[in-house]
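Each of the two complexes below includes chain A, the first together with chain B, the second together with chain C.
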Partner chain A sequence: MRRGRSTWNRFIRPAIGRAYVRIKGGNREPSWILWEIILPMIMIASVIWAYENMGAPPIFKGFVILGGAMMSYWYNVLWGMGRTLYWEKETGNLELFLLSDSKLPGLLLGMALGGMFNTSIRSLAVILLGVYVFKAQFILDTVPIALLIFFLTLVALYGLGLGLSGLHVVYGRMGVRINEALDEPIMFLSGQYYPITSFPLLLQYIAGLLPLAIGLDGVRRALLLGEGFNQLYLHVIILMVLTVVFYLLGLRMLNKLVEIGRRDGRLILRWL
Partner chain B sequence: MAIVKWFRRFKAAVWLTWKEQSNWTNPIIYALYTSITPFFSVLVYAYIYIAIAFLSGLVDLNRAFYLVSGVALYNFIGSGLYGLIWTVHSEREHFRTLKYTYLAFPSLHLYLMARSFYQFIVGLIYTIIMFVVGLYLTGYPVYNLNPDVIEVIILIILGYIWSSQLGIMVAGSSIFSSEYGPLISEAVGGILFLVGAVLYPVSALPPFIRPLSNLFPMVEWMELMRHALNRNYMVSNIGQLHSMLLLKTIIYVGIAIIYFRIVEKLTREKGYLEATLHH
Partner chain C sequence: MQPAIETVKLVRVFSSPQGEFRALDEVSISVPNGIIYGLLGPNGAGKTTLIRILATLLLPTSGDAYVGGFHVVKEASKVREIINLVSGGERPGYGILSVRENLMYYGQVYGLTWSETKRKIEELDSLLDLSDFLDKRLNRISTGMMQKYALARGLINDPEILFLDEPTLGLDVNNARVIRRIIKSLVEKGDIKTILLTSHYMAEVEELCDYISIIDRGRIIAHGTPDELRKMVEKEIIYDVDIRLRDVDRINFLKRLDSVIGHTVKTRQLTGEARIRIILSSEDIGRIIRRFEDEGVHVLRVTRSEASLEDVFLKLVGKGIGDEEG
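After this line comes the complex of A and B, so read on.
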């Protein structure tokens, strides 16, 4: 009983508290939401018109819209956790969190949940606009399997984000630079604007290690090609395995990096 | 002597940007680091073409050249533009040094130009990497290019002038808003990508958006750059494109100088140099 209450106080409550701040902060100004829908739409529109100009089949519109919508989770959930933690460090809040009894993974869960909520509002709007403006067509019968794959992708991203957030805490600006350097390779390997089946086999295997690539491929197959659980069970299994592996590795990496931060006095170091 | 002073100031700001951007790291490591982004960025867009060729069998090397050259050249403009506008945001919000810069450096306009110069150089390196890698990936015969080197250099200088002045205007506007500064920079970059003949010609846009492309010298610059890089790429009314590019560049420089003077005056009056959102 005591253990249960302790977990609640140290893990779940910080998560709820931090998610509330991120949701409230991210949506307090309606015009921000509008901008954050319009800006990705500009890129999505550009790629859709590029495809149209090259005479691509209409199904590519759906590929691009889903790619644009899901890629936001990579930036806002996974790196959102790290970046927010970096800013907490810069503004002096991180030392308060670390001094309190809260667990850091709980705090990061809150950041991830807040990021997921905020991104979902924007991504949903992007998809609806895509349907309305570009007449993209999706198959709705397979929505449940698409949602399952989507959910597993987000959980796996949280696990991966745990470890990568540690980079921001310990290495500060270098962590930000690593984040920036990884953006384009991830965009490419996840197949943001095209199916990963067009990759050579070796690249497909490498992409298979990324939850976003598997998740995006699964959601696309479900919503654009109408594939059900029988065709997509491998996606589900891979994502479940990645979730467990990334969570364990991420937690270990985070603890190790925080330990390094404590040892080298980097946890309260700012502007570096 | 004035010109010597001018260059000394310019060089100091460029050096500062290099140090800040490279985070005081080893230049070789930084060079490797900076080559990751353009390499994968061009893969993302080249695969738009490759995916169609792979799945639908539609192969058109002229379209491959258009797409790859567009994305590569956009990086030159985009990198400089983002870098310039982001300077205001990062110096005021993140490092809170804009007010000290303003006190120490004789001209904020020159300072921003110099800070962006470094970004344009990085953007140029991006462009070269993306162009070569992209053409190789899409199977375009590089030996067919036959570029006019002098024209390419002149156009790069013109591109730097007009886009840095556009950046000055946008950066000036972003001083008035801590909240919307980064969004404004992304929006301008996005609009240039959308209407600037980057991935497709302006004729592929819906008719109601096309007039927007006339506001920027981007289309003329893109088309002339493509022609200068590849003589087989035909453009109609080349003389008109040259004069329009030159005219728009002159207009941009004039408006940017006047606009930034007004902005600077208002900024000092209202105390915006140190107005932060406190992230």
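After this line comes the complex of A and C, so read on.
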């Protein structure tokens, strides 16, 4: 029996274990190619053709393709964590996990990592299809800063996901409704198909609270406009701040919600 | 010596818009080390609530509970290091993974390295005989295999104290027997120090447990060794009366007879018969049989029986343990 486990052991080992489950689960059937690459590509293609017909500059193709690729992280990482945790509760896996004394954020990290891996395969496919089918062009010199911004965006999404996942555990289907209610405003504010600089200033400030909006804008500027660290350092700083703030708030919210779950019996209640 | 598990006036109240429900009402038990302790009661008696509190998954409304000497609320983390829980009828894990992969996952959850987990799975294989289905997908194994796997998962961290919540629920007779044999051997061989087992199967508790508490409506109504409990009905007279199934509706008069402490009905659809177990405070079977005949009930057989735990429950509660299942 392993006694006095370190925080690292209680955090990282379940994360690795759960990531494996998510990766295997996400790719168990080849139908994901249809759902997550072909169907999103139809949506992306329709927007690209709309821009072409309006005579928009070719750079807009890249905007749309990167937007489509990164938006799937919002669904598959952030809400994927919440939905999967809800499923874990309903199947009884969550209570078994909690009595192991492993860290719940570790389990959620595993879900996020698995989700990131699966989504990255899909996003890469979307980008490659965009390059070869729609002849979208990207500047490769600024890939390192784009990757840094991309990485920080994912970490911030994980922090945000910690707290929102707790909603799924304690409030069950209500958490799913909150997820759905937030979808459209998030898509609108994140600038999936257009640059957020086209918003009025107030909306740009609100969008600035969303890691996805900042990350998407930064990655686009790097890969489409060739902007480097000197132009994008503010994006990096904002994302680092959002990462810390969301992680701390998310962790606090998750712990509080789990405590409410233990107090009210919601952790062991099914079909909530 | 410090008990393995101890509860002191433990209360748990569930609130809902319909009102409050007192699932546990001042439950005090003390479970010594090295035994299988049975918690016997009908569905809804509070057994699972008690186990969930002891496993730190649910907070008590009031009272205290200690597992391995650690307080379940204030020292939940230390409690979790020495326990595990296996519930009957549950299918924990991931259907898309094989049994081996699921056990590997739980090894990770308990902080074991890959090699430690692999070694542990080999140990569990020899203990529980998992080899036939170790590499089958979890969603393709039978109920009996699932319960063996659930036990393996419960032993992956070498717990000092194992909670078994209705471990043979939904299993056929043969598989239930296999699981009971394994449970008994766990404590005998010293693999597990202490087991707290809940069940509403009398025979299971009687066969496995060294000490038993009977719980009903959130209260412990009796406790002792199986022999001590059986002694509670040693002065009573117990009969099994077999009648035709269609006459079952005509035996309500038993409730009005002073000499009848309680009775249970077990129906046998295949033979079209019903067995009425009657506990009497005095030898009155002749008068009762005459009443049966007066009511038009055809008596097939009358047998004097030895006292069992079921009779203890019947005496204490006035009805059988399965009678609330409806």
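Definition applied: the second predicted complex is superposed on the first by the 262 of 272 C-alpha atoms of A that agree within 3 Å, B and C clash if a C-alpha of one lies under 4 Å from a C-alpha of the other, contacts with A are read in each partner's own complex, and residues count from 1 in each chain.
Just so we're on the same page, contacts are C-beta pairs under 8 Å (C-beta built on N, C-alpha and C of every residue); 3 or more make two chains touch, one makes a residue touch a chain.
What you see is a predicted model; the values in this text were computed from it and never measured.
In the three-chain model built by superposing on chain A, chain B and chain C fit together without any clash. By the document's definition of touching, neither partner reaches A:Lys135: not chain B, not chain C. Within the superposed three-chain model, A:Ala50 lies in touch with chain B and out of touch with chain C [touch as defined at top]. Contacts of A:Ser198 after superposition: chain B is touched, whereas chain C is not reached. Seen from the CA centre of chain A, the centres of chain B and chain C span an angle of about 90°, rounded to a multiple of 10.
Once the two complexes are overlaid on the shared chain, A:Thr91 sits against chain B and chain C alike.
In the superposition on chain A, contact of A:Val21 is made with chain C only, not with chain B. By the touch criterion defined above, A:Ser102 lies against chain C but remains apart from chain B after alignment on the C-alpha atoms of chain A. After superposing the two complexes on chain A, the closest approach between C-alpha atoms of chain B and chain C comes to 7 Å. Residue overlap on chain A between its contacts with chain B in one complex and with chain C in the other: 91. Contact residues of chain A toward chain C in the complex are 1-5, 9-10, 13-14, 16-18, 20-21, 24-25, 28, 91-93, 95-102, 107, 262-263, 265, 267-268.
Contact residues on chain B toward chain A in their complex (touch as defined above): 23, 33, 36-37, 39-41, 43-45, 47-52, 54-56, 58, 60, 63, 67, 94-95, 179-180, 183, 186-187, 190-191, 193-194, 198-201, 204-205, 278-279.
Remark: chain C residues 14, 52, 55-59, 77, 80-85, 87, 90-94, 96-97, 101, 104-112, 153, 157-160 touch chain A in the complex. Against chain B, in their complex, chain A makes its touches with residues 29, 32, 35, 38-39, 42-43, 45-47, 49-57, 60, 87, 90-91, 173-174, 177, 180-181, 183-185, 187-188, 191-195, 198, 271.
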